[in-house]
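Reviewing the structure listed below.
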Amino acid sequence: MSSQTTVTQNTTSGKSGDKVFKGLAYGAGIMILVALAAVTLFLLVRAMPLLTGSQKANEDTIVSFTGGQAHNFLQYVGPLVFGTILISALALLLAFPISVGIALFISHYAPRKLSTALSYVVDLLAAIPSVIYGLWGGIVLVPHITGFWKWVAQYLGWIPLFKGPAADPSRTVGTVSVVLAVMILPIITSVARDIFLQAPRLQQEAALAMGATKWEMIKLAVLPFGRSGLISASMLGLGRALGETMAVLMILSPGMSYSVKLLQASQNQSIAANIAAQFPEANDLGVSTLIATGLVLFLITFLVNFIARKITEKARA
Amino acid sequence: MGQRIDVNHLNVYYGKFLAVEDVNMAIEPNKVTAFIGPSGCGKSTVLRTLDRMHEIIPGAYVKGEVLLEGQNLYAQDIDPVSVRRDIGMVFQRPNPFPTMSIRDNVLAGVRLNNRRLKQSDADDLVEWALRGANLWEEVKDRLGNPGIGLSGGQQQRLCIARAVAVHPQVLLMDEPCSALDPISTLAVEDLINELKKDYTIVIVTHNMQQAARVSDYTAFFNLRAVGEPGHLVEMNDTTTIFSNPVEKDTERYISGRFG
Amino acid sequence: MSDSHPTIDFDKFKPTRSYIAARKRKDWTMRVFIIAAFVIALIPLVSVLWTTISSGVARLNLNFLSYNMSGVVGGNATPSGGYGGIVHAIIGTLLVTLGSMIISIPLGLMCAVYLVEYSHNGGLARAIGLLVDVMSGIPSIVAGLFAYALFNTLVGPGTVNGFVGSVALSLLMIPTVVKTSEEMLKIVPNDLREAAYALGVTKQRTITKIVLRTALPGIVSGVILAIARVIGETAPLLIAAGFISTTNLNLFSGRMTTLPVYVYQEYSQGLATCSATALQATPPCLPQIRMERAWAAALVLIIIVLLLNLIGRLVAKLFAVKTEN
């Protein structure tokens, strides 16, 4: 008798435990949805005064942020968007070929023991906090790279991008891009390496057996296989560069123009660094303005990630 | 025309491990030579040393010589890339390049050697190679389709077309039918018979009936025990090997008593 | 059959000697480029590690680790004989990170359980999967802005404390936790679940006692790596948790300094001014002191992050339950 009751009790408690647990799991899933909705919602609510509030007050805020260079939100956010994309695109341009090179070195050129060790180092480097890259960029790289930029400005100054005189210290877009490139290097490398290691051996052997050189083999049987993966890897790196705050904040001497003079100071600024720089001194309306620029940044990174996702989905189909 | 290959005192190592010991053989031109033997006896390894494909495995190297018409493939100044240009290879599993069309697959090797191909030359070559591989009639209307859309047997014949398109002197085949169904196997075997008038063919096979059907000469490889190096037991013309072998081990293997 | 063969002049396709040489050159060029890429990349990365270590050890001592920044004036020494320290930042980092762990680990883990064990790949699951992807792409400063906006609206204007920082970090941590846990749960073989159901074990017990138990090493490792990632976050905490020179033990009230924010603050204040007499005093006034403190704090931060990474990877390797292979 008694044993039977225990069994029934156990089952009921097991059943209600089952329900509670399922509820918790379900709730957690819903919470994720709510959290993301909340992010968008609260940012929108907090950015609202920009639309609904007094336009005069808004203009005053933006004028005080920019020292009179911009008078409305579009004039304000435009150069920031331009600067953000310019800096990140340059960083990607620098990092991509080198990352692919390192990934190929690890997957196809280095002896096996060395490549295992290198893979490990690359993963660790991806974990170094951005503030440390910023510190290194500001204190070590800026003085060391100035001479190089001066040389570039002297000999390649006829290209508008490299128009001199090169700033000294070189707290410029050029230098920041180099630091961001170093930061996204491990990220792109580790994805690219994984893809290259998965490239089918059969086709690689086929290429070699036809009398292809190693590089021709890579072009025939490795790179085509990894194309979509490489694109999404670079989008991942781009996403990281777009949202990077500290390295830009700690190195760049900011400006608010649509300039592409990479070697001159006070030309551009990124959205993220601008938020961090202006936030401490911003009043209520200023915070709203900054949050609105944050929303724009969110939108840009969302688009980049969305495109990356579409590309990988297409490749899979 | 096919060329002859002489293998003299060939030892193959993977790092410190001696995988194949002291192989000596002569491979006749315009004949089919089959390598048979139990798994792990080193027959595929020896095949790969004939065009230096074993070198893509880290730590693998050989001692001894492989002479192609008297020229040592392992001489100091010989580039493995040029060796592989003269000696074609077909693999166990069909491996057309997945991103390329049938036509581009056939031309892949030629394009490496010659950057600017005239359209008409290329068309002729594609037809010639696909006809040579008995595939032309089946694919002539869809040369632009991807090569991986074909059936397994067709893919393997496409790979053979790709290999003959560069007009090698020797064709090495590493169990070319092991991933194919019986009908495709038969098609490839017929093809081997036709190809031997133009090429020297060496084929590794697990299937003794196949060796008996397609080859003129047969080499039997064996290993004394697991962990011991493989070695060449005997080589003779195929009828002798299958009817009247010299070595006891060969007879036991042929009659299916081990392996 | 052979009559219909086109006749081919194979000499036409033979590579010329110069073309073979060109191909070889190209092969070598690419080899050199690939090795060069590796060497070029190594220079800055080695330089980052080396300068952090060599500049960091100068100021890294017991005094630095046991005092906060209260009473530190310019480049002058404090009565304790040191030049200020990071104990408040270490405590802040621990508390803020702990806060974000308490929020994101249960939430992320349960969400993964839902996705793998309950959702049957329905519409909600796909929506969650998509949003987790979107979340993992949120720029960290936007996460900081969100936490700030949230507490400003719900609690009151100007709410900046450690917990706001924790919320910001959770937003960055949750996607990683969900994704790694999901992957780990997925590789638990179905046989285990079926065996448990066959024995009459309830679903909840099967999941907690068998599935989660099997996936635990992988999940722990993933969570540790997620912690290592957020522990170095600066920008969101700059906005959400602020900066203060004294030790604050209350996560829910008052500003709270964390290590990365400390590094940034020291760096951004630049050189300290020292009077001529102060320069001669013992211990002397050090104009460079803020950079030295920034490097020392950076070194502590790097050690923490790399240790967490090592531990995470070791956990995954040592305790992995062999399911495949």
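Read from first to last, the chains carry the letters A, B and C; within each, the first residue is number 1.
Throughout what follows, contacts are C-beta pairs under 8 Å (C-beta built on N, C-alpha and C of every residue); 3 or more make two chains touch, one makes a residue touch a chain.
Please read these numbers as outputs of a predicted model, since none were measured by experiment.
The minimum number of touch steps separating chain A from chain C is 1.
Contact analysis places A-C first among chain pairs (by count of C-beta pairs in contact).
Taking each chain's centre as the mean of its CA atoms, B is the chain most distant from chain C. In this assembly, the C-alpha centroid of chain A lies 14 Å from the C-alpha centroid of chain C. If you average the CA atoms of chain B and of chain C, the two centres end up 52 Å from each other. Spacing of chain A relative to chain B, judged by their CA centroids, is 49 angstrom. Counting partners per residue, chain C has 23-24 as the residues that reach two or more other chains.
In chain B, the residues that touch at least two other chains are 81-82, 85, 112-113, 166. Residue positions of chain A touching 2 or more other chains, listed in rising order: 213, 216. Within the complex formed with chain A, the chain B residues making contact are 51, 53, 56, 58, 81-86, 88-89, 91, 93, 95-99, 108-109, 112-113, 159, 162-163, 166. Listed in rising order, the residues of chain B touching chain C in the complex are 79, 81-82, 85, 110, 112-115, 117, 121, 124-125, 127-128, 131-132, 166-167.
The part of chain A that touches chain B in the complex is made up of residues 111-112, 200, 202-213, 216, 220-221, 224-225.
Interface residues of chain A, counted against chain C in their complex, comprise 14-15, 17-18, 20-22, 24-29, 31-33, 35-36, 38-39, 42-43, 45-46, 97-102, 104-105, 109, 123-125, 127-136, 138-141, 178, 182, 185-186, 189, 213-216, 218, 239, 242-246, 249-250, 272, 275-276, 279, 284, 287, 290-291, 294-295, 297-298, 301-302, 304-305, 309. Residue ranges of chain C in contact with chain B, taken from their complex: 1, 4-6, 8, 10, 12-15, 19-20, 23-24.
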